[in-house]
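Here the chain labels run A, B, C and D in written order, and each chain numbers its own residues starting at 1.
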Amino acid sequence: MIQTSSNRIRRLIIIDTGFRGLHPLVQLIYYTCMAILIMLYNHPYFLIICCFVLIIVNIMLDSWVKLLKWMKSILFLGGGIILLNTFLVTKGETVLWIIGGRAIMLEPLLFSFITMLMLMAILLLFVAFNNTLNGQKFLYIFSSFFQRTAFFTMLAMRFVPLLKMRLHEISDVQRVKGLSISHGSIKERAQSGMLFLQVLLTWSLTDAIDTADAMKARGYGTGEISKYKPYRFIWKHEGIIIGTIVSLFGICIVGLLLGYGRLEIYPKYNMPPLTLVDALLLFCITIISAFPLIIEGREALKWHYLK
Amino acid sequence: MYLKGFAMFHPMVLFFYFLLVFVILLSTLNPVLLGVFFVSGVMLFSLLHTFRKTLSELFFYLFVWLLVTLAIPLFHHNGMTILFFLNDNPMTLESMFLGMAIGFLIISFAFWCKNYSLYITSDKILYLLGTIQPQLAIWYTLLLRFIPQCKRNFRDIQSTQKTVGFYATSSLFERLFGFVKIIKVAFLLSVEQTFSQIDSMKARGYGLQKRTHFSIYKFYIWDCVCLVWLIVIGILFLLNFKELDFYYEPSLKALTLTKEMSLLYGILLSIGLLPAMIEIKELVKWKFLKSKM
Amino acid sequence: MEIFKVENVNFTFAESSKRALNAVSFTIQQGSFAVLFGASGSGKTTLLQLLKRELTPNGKRDGEIFYKGELLEDIDAKTLVSEIGFVMQKPDDQIVMDTVWHELAFGLENMGLSNAQIRKKIAEMTSYFGMGDWFHKKISELSGGQKQLLNLASILIMQPKVLILDEPTSQLDPIAATEFMQTLHRLHEDTGVTIILVEHRLEDVFQFASDIMLIENGSIIAQGSPRIIGQIVKKINEHHIMLEALPTATRIYYGLSTFTNESPITIREGMEFIGNYKNEIQELPRNIIEQKIDKPILAMKDCWFRYGRDFPDIVKGVSLKIQKGEIFCILGGNGAGKTTLLKLLAGQCKPYKGYVLLHDKKMKKYSMEQLYKKNIALLPQNPKTLFLQSTIREDYEVTAKLIGFDKMEASLQIERVMKMLHIESLMDMHPHSVSGGELQKIAIGKLLLLQPKILLLDEPTKGIDVFAKKQLQQLLQQLRAQGMTIIIVTHDMDFAAEIADCCGLYFDGEVLAIDVPKSFFAQNNYYTTAANKIARQLYPNAVTCEDVIELCIANGLDKK
Amino acid sequence: MALFKVNQLSFCYPGEQPLLKDISFTIEEGDFVVLCGPSGCGKSTLLRLFIQPIAPIGELTGDIYYKGQELSQWESRTLLEEIGFVMQNPDNQIVMDEVMKEIVFALENLGYSTFEMRKRVAEMVHFFGIEHLLHKKVAELSGGQKQIINLLAVLLLKPRVLILDEPTSQLDPIAAKEFLSILARLNEEFGMTIIIVEHRLEELFAVADQILMMDEGRIQITGTSEMCIRQVYEQQNAIFKSYVPSITKLFMEMENDYSQCMPLSVKEGKRWLATKNTSFISKPMMKSVAKQTEKELLIEMNDVYFQYEKKGRFVLKGLSLSVCKGDFLAIVGGNGCGKSTLLKACIGSIRPQRGFVKLLGNHTYKLHSKELSQQLAYLPQNPQAYFAHTTIEKEMQEIVKRHQISNGTERIEAICKEFNISHLLHRHPEDCSGGEMQRAALACILLGNPQLIMMDEPTKGMDPIAKQQFADLLQNLHLRNTTIIMVTHDIEFTAKVANSCMILFNGEVAVQGTPSEVFTGNYFYTTPFNRITRNSCMPEMLTVEEAFDLWPAQVRF
């Protein structure tokens, strides 16, 4: 009984488990930290590891289908960069080989390779971001900083489907009247298109007046506004997570400031051996980036044992 | 209720279709046919489910296949060409092939069963039964509702009994005894329900006179066409059964691909692919419509 | 013209010697809305079944029943089937088919209608009831309310002249019940179909009914229009138990006065009536039980629960404390949650986040035995599931043995329980063959044998009549007096208001607003007892009928 | 003590005729007040004067007392919380995109804490039992649900008074009934005062305590429903007669002793008729159905399947239908039975996945808009979508141009006279009231004298008078042998005008025939008047008009 019913529910709403279940703020923090780190660190080791972990994360948050779609383009782009960069840029000193009288340097190759990695990492992050932190949640966080803007965004979100619906109706009606944007000369089409927009505008505006009234009648702009909080923030739970992420992030930044984790390519590329500190930083980054994995894993284990 | 694409056909047609498929599939071990139906079955399955699911399924059945292929030769030793001896049992090439064939048979059968259960839902079965014999249909539905009811009761009773001492005894026998009791009561409860169902049936005039049978299915022209096509193929199959039939031992039957044979295979392939084709057409159409709308 | 005419009908069941009905006679006019009420086991159902020939139980019947002036026996089966519709108590038990559309068609199929006709009838029916969007659903996907509506529809589709309903809402939650009654009313208004209804919850039926009949052990003792039925009953017996069943407004009216003019029946009329009382005194001088804040006996620390990894959360961070020896009511609408919460408290489910404390010790740490022997007992929503043996006595004995009493003590204990609940007469019956109220009692009896410290009840008042409810209430208070902690999950606001020391409102996986009933209901605007609705203008803190009456008496009439 | 007290209230918008002329009345606490009158008589304005924040600007004399105190004296917050307002169009009042957000919107504005909000929502939800809606998007809801959400959003403020401006005019009958029954409950159980403006009074007459009948800015008639009706008939007031429920009409026309109680609902109607057992003139022939055969086929549908998205259900399912020249087809049916989709298919804005829709033998979805516009005309549900130009006159001229109509100006004048919209010609369409706009749109359509007209819910939100005129208009269009296809919920209207009609049910035709054939058989889905006359002494009929000419002479005095 319960099984079937909640199956039905599951079909209706997306259930937030594991990483998705966390308070949106936590997720946002995670993503921002990751983004910053990826931007700053340009050491291939770090980037490679990030990419690797993030790929797993994406698979975990089953967004890998989306990922594949993007991957094609990104690889293409990256390849492009590599080729162009290596063939056009002639900075650098270590010559690899010479093709048709052009010296192919190692540095630009490396540089473009790193850029590609960076792009990839960012993309991976972005995809994951997209399908964990959906519009609602993002808006929720957003609105706690910029009340009004968020509010108007919501209004917009509300009105998009309405407008769509109206536009459909208008185009139907006008089509029958003999105006349409699918037939006739460009000029005619343009004209009728303009007409459509005009109709849409007048219609929507007149209705918007009502909306405004309704808002006023429900006391919009009468004074201090409170906010309904659908997500609960439990210090004992979310707090700790944020704490760890931020502290690790701090360490990484400090490391950066001390000059670790970057490698200078131009003018002369030299790869310093991995020091202990590097290893530590590497570890930190891995932990941060693997955060969703950790949480999901914990969840999984818990359910495994509850059964 | 999944009522798109191939499922749009009239239940009768669907039923005949699957009947035919199963007959063809199970009646011969012809490698070509096996191949045909394996491919088409998997294809259809993957169309109706996610790519991921299909993969996992295939993965699972791969094991099954290996198992069968290895198991058969172990116990079945006929065949000309002996490969080697395993603790002085001959391992023959033929039985090896036979194993493979049977493995394929099982897999494709499994897949076709899955497809079947997706297309021919309970209410279609009901409809079919109803057209033959309305009473039967009703008892069938009662049964359909009785079993889950029974299960639910069982679960409830068990969980309650846990709190009133079902835990206490450690001896296996008593536990078993308890289980039997629970099952009995669960059954009783469900039966009570069924009785009142029968009451309400009577109250609504069941058995007063000959029932008619209401259905939301219509028999369209394309159903007719499809049905005819099926029948033709059925007959074709029966006529050429000799050629199509295939044996593995004592030695593999030679697979002669004459013109007409290949034509026949082609036709049978068309049967296998029919639903897949329709589903694909549906997909494509939607792609197209999307771009329009 | 009268559609039914019953002339002193007697009926005795085949197996029993006692008369189930004696000398029942009444007439029902065409287009009227008749409501029967009475204690369970008083033969209401039997009477209805006699009116519907197909369902007549086997037994001996004398006296005549006329349908439209001719004997019920003489009318041919087909007309009878289609003209007299019967809706039973349990939504599930009368649905035959497994999809909605097929269920609707069922009756018509039996009548041998053609496909086209059936389609037309179904079409208009669904259009009228607005069932379009769940027309294709499977029965298992419907809610209780929807199921009952479907039953109604699938009867109506045969275009009956008379509609007989046997406690149609007893298994539904209040919202669904009200909806159902609204529909019934609309139906009556629109089509003027004759309706004969048996019902316990008269609150929302009374205003629609055209005449009321009170039936008591097998004979109709009172009959009249809703506004005067009270007086008639009062004449028979000043404190007749069934007076409790009347709507709140009426009860208040009779509680306050012995006026002989027509009584108010709706809440609004109640308000108007109350309006002529003064409201100086807002509070009653009551000895309020002081909440002793010692260690809670049972506590939840923000618990989260769901039925599987990728299922939605059902309990979302509930934390509550339950003091020793109090009656704690968890109220809330239908839908997932309340029962689950109870299961968590009973240790049948384990939260995946947070924990449950029992005697300051985590629930996890207890073994089954420690948990359920002399500690926690849970009364499930369907008490039948408690019984495995073929008679109640056997079952009790088994339970007693299991607790570890020897023969001697076991029989003593059973005696005690029997005395306590007055169920001596039932002991040798089969557990499934007793009425709802009695079942409730024997189930509690069985639980009491386990000598629990904490008693959890899941919807104890579902489908039981006023009389049984009163008894249950007394019993629970008695147990509480013995220091037992009782936790109840219920829809029934009036019941909660009567007995609870503390109420919590369950909503969307949380328990909001835990408070003593008085202020709990006083704060609520919409989700509150009828009594409170009536009186809130004058005495915002009065939540039960008794409060209102006492307050009114205390204040006295307003001269002007 | 009176909750509202209005005396000598008069109001006029700047630079216009006075709209309200010394209106005065009082409303008691806990009353259910119905305010009715033809559209444009100033009802809405009157209502809005009660709501401080959105009170119309203009010169206002006289005064409104709320609980004995001047309305303007009250502090705005109290008024906000105590007076709730629900408007006509469900869509326009919803601000947020999620139901939950939407219902707490007002609370947010007044700065309540999240806990308080949750609590209020909780108890509210338990009262109405709408858990399943809470987490939905607004776009997913049906009109009825939307309107209920609007109501909830207001109720969360725990108001004492509810003011509603034609809340059900945009809903289908079932949803409307549901909504009204909720209002009735609120009034019954919480003694909430309710002031409602409505056109469909069938149900309301039964529940209302006080009825204010308003015309030309004055309150003409007031009192309980029964008193009102009697007054209407004493004054022989044609406008308000049309508001009276059909059975009551019959009663007032035919009953010679007014002593017995007036039937307002079907049940009472049945009871009353039962007392009359007079012989009736046997039923005459129904509106003759013209033979389908020898007429040319206009629209032909052959089992059409259509669904909006892939996994969705079929909205049209094996639907076949043929419309001949000169037919007047009305398509009725419950919500989501695919009525509007059918029209869409007819005008070729959707393409069926299976089967075809042909207009004069060629597929509609292929037709270019030019050709289409020559063949047929389409009157949408809300005429706002129709007008593409700034004034109605421009619109008409545009049409004249497009259809190369000679003597265009004369035509325009003629039509304007016929629809008496001459005074509107120079207005912007949006400045007209709903009814006027509808008429204007229809006029424009008829300019191009099309042979086929399609209308989607034309009577939605029309007041009875307008409806009556509209009906006449359609009828003489039909006489001029124009083919009309109309999708509607309004069975009574259908019964009045259509000459053939069909019930659509989940995407297929359930029944088709003349209105009398289709509806008299029905048990539920028919006009209230038919329900009354079923198995009574009268022969079954659909509209009260039939009854008038069938009523036996000896009873009439």
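We take it that contacts are C-beta pairs under 8 Å (C-beta built on N, C-alpha and C of every residue); 3 or more make two chains touch, one makes a residue touch a chain.
Everything numeric here is computed off the predicted structure, so don't read it as measured data.
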Higher-contact pair (C-beta pairs counted), B-C versus A-C: B-C
Remotest chain, chain C as reference, centres from CA atoms: A
Centre-of-Cα separation between chain C and chain B, whole angstrom: 46
Rounded Å distance between chain A and chain C, as computed from the means of their C-alpha atoms: 53
Inter-centroid spacing, chain D versus chain C (mean Cα positions, whole Å): 40
CA centroid of chain A to CA centroid of chain D, Å: 47
Shared-contact residues (touching 2 or more other chains) in chain B: none
Touching two or more other chains - residue numbers and ranges from chain C: 119, 136, 140
Where chain A touches two or more other chains at once, by residue number: 13
Contacting chain pairs - touch in the sense defined above: A-C, A-D, B-C, B-D, C-D
Chain C partner contacts - residues on chain A that touch it in the complex: 2-6, 8-10, 13, 15, 17, 232, 234, 299-300, 302-303, 306
Chain B-facing residues of chain D, complex: 303, 307, 310-311, 313-314, 318, 351, 353
Interfacial residue positions of chain C with respect to chain B in the complex: 52, 54-55, 77-78, 81-82, 85-86, 88, 90, 92-99, 101-102, 105-115, 118-119, 136, 139-140, 154-155, 158, 346, 348, 368-369, 372-373, 376-378, 380, 382, 384-388, 399, 402-403, 432, 446-447, 450
In the complex, chain B residues that touch chain D: 3-4, 218, 220, 282, 285-286, 289, 292
In the complex with chain C, residue positions of chain B that touch it: 1, 122-123, 126, 134, 138, 141-142, 144-145, 148, 153, 156-157, 159-165, 167-168, 178, 181-182, 185, 188-189, 192-193, 196-197, 199-216
